[in-house]
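The next block holds one structure in the form of structure tokens; read it before the comments.
All chains are identified by letter, namely A, B, C and D, in their written order; residue positions are counted from 1 within each chain.
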Amino acid sequence: MTTLLTATKVTKRFGGLVAVNAVDFEIPEKSIVSMIGPNGAGKTTFFNCITGFGKCDEGEIIFEGTPTQRLRPDQISRLGISRTYQNIRLFAEMSALENILVGQHIFLHSSWMSAVIGTPKVHQEERIALAEAQRLLDFVGLKGQGDMMARNLPYGAQRRLEIARALATKPKLLLLDEPSAGMNPRETEDLTAFIRQLRDELGITIFLIEHHMRVVMGISEHITVLDYGEKIAEGTPAEIQKNPRVIEAYLGRGAATEGMATAHERHSDKTNSKLR
Amino acid sequence: MRTSPGERLLDLAVSGVLWGFRILLVAAILIGTIATIRAGKYTSEQWIDFVVFGISQGSIYALIALGYTMVYGILRMINFAHGDIFMTGAFAAYFLATWMNGTGFIDSYPILGLLIPILFAMIVAGGIAMLVERIAYRPLRGAPRLVPLISAIGASFFLEYAFRGFFGPGVYAYPPIKALEGEWDILGIGILKVQVVVAVAAFIMMAILYSIVMFTKVGKAMRAVSESKDTAALMGIDVNRIIVSTFALGAAMAGAAGVLYSLIFRQVGFFMGFTPGIKAFTAAVLGGIGNIPGAMVGGLVLGIFESVGPSLFLEGLGITRPYQLKDAIAYTMLVMILLFRPSGILGERITTKKA
Amino acid sequence: MTKRLLALLSVLVIASMALAACGTPATEAPVATEAPATEAPATEAPAAAYECTDALGCVTIAPDEPVHIAYWGVLSGPDSSLGEDSKRGVEIAIDDKGGKILDHDILLTTEDAGCTPEGGATAATKLATDTSIVGLIGSSCSDETVGGIATLTNAGLTTISPSNTRPVLSDPARGPDYAGYLRTAHSDAFQGKAVAEFAYNVLGARKAATLHDGSSYAQALQQVFADNFIALGGEIVAQEAVAKDATDMKPVLTTIAAAQPEFLYYPVFVAVGGYVTAQVRDVAGLETVALAGSDGIFTADLLKGGGPNTEGMYLSSPDFSAFTGDYAGFIAKHEAKYGGSTLSTFHAHAYDAANILFAALEKVAVVEADGTIYVPRQALRDAIYATKDFQGITGTLSCSPSGDCGAPVIAVYQIVNSDPASWNPADTANPNPKKIYP
Amino acid sequence: MKKENFLWSAVKTGLIVGVVAIFICFVGMVEVFSKRDVIEKLITLGQFVLLAAMFSAGFIASRHTSSLLEKNKPVSNLVAGLVAGLFTGLVLALLVVVGAEVNLRAVFLNATTTLYDVLTLDKGVGNVWILPLIGAVAGLLGAASLLLPQILRRPITQALVFVIFMAFFSGLFRVVMINQGSDMSKAAKYLFGQTGLTLEGTLIFFLGVIAVSMLWSYKGKDIQAGVTRLPKAGRLSLRVIVYALIAYVALGLPQVSGPFIAQVIVTVALFVLMGLGLNITLGFAGLLDLGFVAFYAIGAYTVGLLTSYGAFGLQHIPFWVAVPIAVLVAMASGAMLGLPVLGIRGDYLAIATLGFGEIVRLLAGSDFLAPFFGGPQGIIGIQKPCLGTLGPFIRVDVPRVCNGLELGKPQDIYYIAVVSAVIIAFVAWRLRESRLGRAWMAIREDEDVAEALGVNLIQTKLLAYMLGAAFAGLGGAIFATLIGSIFATSMQLIVSINVVSLIIVGGMGSIPGVIVGAIALIGLPELLREVSEFRFLLYGATLIIMMLAKPEGLWPSQATRRELHHTEVEAGVKA
């Protein structure tokens, strides 16, 4: 298996605080890998480094042989990296369909002038894009809700729409930031199956941050554990579950799995309240 | 997928132009300054005068800017009517002071003759601001960001032209305080008494405001509300009351500024708030909007740039009638500072979520 | 969609009904502007024998209708005191007529022109549409006239401005668009020259500086002064400018001080004038410089804004000793009607302008037995141009073929008392300011 | 919580409205309006305003009473209205009494004896009791109006509003009608007096509107249903007819209405152009630009410099050639502005652009650049557009002769302006529906996410600035030729503020909203030039009221609309 993304000694500081400290990381092609760790461990920051949101201070990230740290987020997305957000960030005042169409932006090439004139090429392009957007909408199970304004969709649908929008960029690597946050067990199960489907059917490599241990352990092939910005462990789910440092990291703050569960719940509360 | 050559060209052009712009500005300033200084038209006393004039003007900008910045900090809203609140304060003080002057009170008790109108102006301005907040802003809380802005613009027009209706389009002369005529000698420099009083009063006022915000219960509540209205409400803070008191406090500062302004410039009229309002808003942004010390710094920087800039930068560049372009300098400075520090001199670095 | 369509449809039905109602004559009758007010008095009043032969047509006023005149000028925005001031002059003139002319009520319409050319254009267009208007007073700002005068002239109207001073407006080569334009205010060409002569010959100044506020009035006037001063042999050591809304003048005055002038001329408006005067003595190097302004600040408001420093200041203005009429009486009426003092300089000019219009109207109007009035427009215009030795309160006025009615007698006054209450240039015993030149 | 006594609440309402009425008096409105009639020789506008205040006091009190009392008792509603009106009248009476003793004029200029005369109907202070009496009656009527059944209330309200509207603009209608010829002139004189409606006119309008409104409420549903029942082809032809009618009205309007209305419409169209431009930068891309007048100025100055035969004209090129150049120059300046402020966000951007607008105005009017732009003396002698060829230069200071049709009058410029506005609206609509439009909106919603989805922020934002600027530049170009002269003083910050306001009032991001907003905020005030003193007062009040009543704008964007439609459908399905 070839490596899709390699990160070497990635470091990010906020003032005196080292959020991510010299983390080495690899994502094999067509795999599902996860990153876990307590709240504030630097997982999302690491995500941001990969997608170019906040440039990392040191280290190197190479995606399919291209160093990405000097690229802007839009250029990185063109390389084939796409993501979702911890607290859903849809374009609230746009319809669901339009949200996905924005995701297709990089595949549309008509200039504004030809759009004004309305050349046949533009119409053609738009028609294809619309069909594709519709297909993605159906794919994530939002059939018939394309005209709904994103902010008016129910929570679960918003999550799925966000994934559909990320898929519209035809990514090779999809970064999911706590996709199961705020979901009930039933929805979580569906989600797990859906993520698998993405990898198996579309061949997309998945990198996920997740608090929900059942999801993580269930689908990940490889797990990295971050604590205080440092990588404290990595390996298969089975290895991680046994790793003493991981247990300590979580246990040290209270209870082992309960602790994780509470953290998770607290977190999903937060996301919920932010929604409206 | 790789970036297209056209796109790379655009990137290059953008950063080229940006840097060109920065370099050009800095070069223009340097060349202008050097040329002016080498021409030696002004004595060092005159340079000091320029700075002193700038400080007194700047401290008034700062006082008005405080209101902008406080309201912005809490509501993320540009209170466009703030300049006109300043005007209402000046009018209130004018009528009181004229009456007091008629009775000879001001001449016999100059300090009280200064303080009472200021207090009165603060009360009137605060009251009007509360009224404006109640009618034009409160029902719009939670509306899209620009809706309160338009309402504020409407309030600004309304106040201006209501006062024009009340008091006519002419100007009124603020009564002079005899005790404040002449100069004081400070460190060997003769400085006008009025200017000293205005600058000192402005600083005292700002210090009081700063301590209110930092150390009192209300101030703490204000800061809490500015962090998050919801959380503050959960903590048992009456958010509405805090917002109203923020408006009132900011408006009181503007009212006081109105009196100080009238003391220096002596003219009170219905349109007097417009330009200082815009300038103070600029000052607030310059310092980093939402930040109280930032408003002070922004006001002073703006005042000094306006005063010194035309002579120092423009004359050396051979630009005729430089003072006509005083405001252009102020705004160019603003853009330049934002180019180097996109969130103002003392502003928070992270502006992502604020907009 | 259907609902919206329907709403639209209903609006359109109403609109088309209205259009049909008033649209039919659009094909029959020629378009309004082409034949203004020739609206057949023959059909209207069959008894009347008068037939309008005027080149510009006539205004017909039925027995029960008022005589309609209009005032246009700046009535909103920061400059509104200028326009409001003139408007009051017109209103007092109407009051003095008892509100009646030729036994008809006088109806005054006002239009805001906002001190901008586009405001002037819009106001003029609106007024030109109203065929009942006989004559106009206005505009306030020269910019407004530039924007609107062609429209008014072409509509056959005549306007008398009380406060435009830009020289080009009454230039002999001003062009046919200005045929309907006269003014009782004086051209700045006279004024700048008078001040220059005063400064050079009387005060003996050789180094002068000027300051203007970016308005076209001030900029032009200080340039006239500078040209004349240089022509006399003097030196202009500094020509500076500030923005119209500037308040802190000390920096620019410091710049002027560096050039060490003996005479500082700032022919600006009241706001800037007040600020400059109040602050000028505080600037090192300008403690003793002679100060001079012009008619833009020839008002008690300058004393309010300028304070004690105004004492000793020179102001050029129309010569008030030539004010033959009862200016004090005018001021008393003003006080009674509006409370407080006048707002600007040109109320008296507006009063005179209105009276010139009335006089001309009384001269040319044809009054029928039943009270119907016909006002031939060209004749009215000619009558205004023919005004000679009119006894106004600003002096004895005669209109030139290029539209200058104001007596170009410019005097220089000196302020002797900085108390606004003492302002009375027309007083014979204790005038303030006092005329000192010529 | 114990509910308030309804009488006490009515007293409060009466007092508050009374204070508002005093405000209206002191602003000077009552006195000035008392010189204008609503119905000739019967009721002046000033009296009407006061009556309306008392009436609404009664109305508000009555409505409040309904909410206070559990059981609906019409008598208490009427009593509340009476009390409220009475107290409003009492407050005003108090003003008269106090005013007779104390010289309020020392502070409030409009507290004149004329005002007191108006308030007491010229009957003197001794008869001041008449005020509360009138107040009580008006309040009672106000309360009674609430009790009317809906079927009557709506037509009466509509008729009243229409009559007031006609009375307010009577001068305008009268002049337009008189200019149509003698028949219309007679009709005009029958309907309109010198400053208001005649009694006959009032009755005709009042009854006419009531009739139409009643008809609509009885038959409206049938007509609506009739249209929906039409076959597709029928509806299509109906639509074609409607569009043809619109075109017919648009073409004929300036010829009928005369130059003033044409000029007002041109002004509105210019603001529509600017509004559409800013709608791209602000409405679509969310970039708050408070210096938008700069591009307008640049467009105007470019045309001025290129076509003027005055002192500063560079070339006497034809208008039609100058306009595209002006648009391109404005576009370039849009890029010039856009580049340095690319990284600035939110309100920082607002003030930076405001600065840009001010810099452009200051430079254009400055002495420093006066040799190029005329400084305060402006650029005059801008050539009018000519359909046909322009004659050769004869002298620099003489306009070239137009061999053909010269479009000099406002009615002619009208066509240029309206056609431009229609074309630009179409362009804006196409842009909105394109990939670029979606990218702009994505930036407006969340800049970071848009970038992460591959939207090139630099390119997209720059295009927003450039296209917005181009539209405004076109507006400026037409402005220059309409007025024939340009001065820097025309390019004030207030223009930018107006443009921002009209976009929000119309509905942000909505193209028809821009047009509606421009009509409401630019067209109406232009028509109100007669009441110039209160123009901006009313304008300010309107802005506040509109934001309170319809914060989403008068004609919200399609997304909102579609959303509403969607919920409607859902509701339909459920039902």
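Quick note on the criterion: a residue touches a chain if its C-beta (ideal position, glycine included) is under 8 Å from a C-beta of that chain, and two chains touch if they have at least 3 such contacts.
Just so it is clear, the structure is predicted and the values come from calculations on it, not from any experiment.
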{"item": "C-D compared against B-C, more contacting pairs", "value": "C-D"}
{"item": "Most remote chain, CA-based centroid, reference being chain A", "value": "C"}
{"item": "Central chain (distance from its CA mean to the mean of all protein CA atoms)", "value": "D"}
{"item": "Interchain centroid distance [CA atoms averaged], chain C/chain D, Å", "value": "30"}
{"item": "Where chain B and chain C are represented by their mean Cα positions, the distance between them in whole Å", "value": "36"}
{"item": "Cα-centroid distance, chain B relative to chain D, in whole angstrom", "value": "31"}
{"item": "Distance between chain centroids, defined by C-alpha means - chain A, chain D (Å)", "value": "48"}
{"item": "Per-residue overlap in chain B, given as positions that touch at least 2 other chains", "value": "161, 164, 168, 320-322, 324, 327"}
{"item": "Residues of chain D touching at least two other chains", "value": "109, 362, 366-367, 448, 456, 533, 536"}
{"item": "Numbers and ranges of chain A residues touching at least 2 other chains", "value": "78, 106"}
{"item": "In the complex with chain C, residue positions of chain B that touch it", "value": "41-42, 45-46, 49-50, 53-54, 57, 161, 164, 168-173, 176, 192, 261, 265-267, 269, 271, 274-276, 306-308, 310-311, 315, 320-324, 326-327"}
{"item": "Chain D-facing residues of chain B, complex", "value": "7, 10-11, 14, 17-18, 21, 72, 78, 95, 135-136, 139-140, 143-144, 146-151, 153-162, 164-168, 278, 281-282, 285, 289, 319-322, 324-325, 327-328, 330-332, 334-335, 338-339, 342-344, 351-352, 354-355"}
{"item": "Chain A contact footprint on chain D (complex, rising order)", "value": "427, 430-431, 433-436, 438-439, 441-442, 444-446, 448-457, 463, 467, 559-560, 562-563, 566"}
{"item": "Touching residues on chain D, where the partner in the complex is chain C", "value": "105, 109, 112, 171, 175-185, 194-195, 216, 223-224, 227-228, 235, 238-239, 242, 245-246, 248-249, 252, 255-256, 258-260, 263-264, 267, 362, 365-367, 375-378, 380, 409-410, 479, 482-487, 489-490, 526, 529-530, 532-533, 535-536"}
{"item": "Residues of chain D touching chain B in the complex", "value": "23, 26-29, 107-110, 282, 288, 339-348, 350-352, 354-356, 358-359, 362-363, 366-368, 448, 456, 458-459, 462, 493, 497, 500-501, 504-505, 508, 533-534, 536-537, 539-544, 547-548, 551-552"}
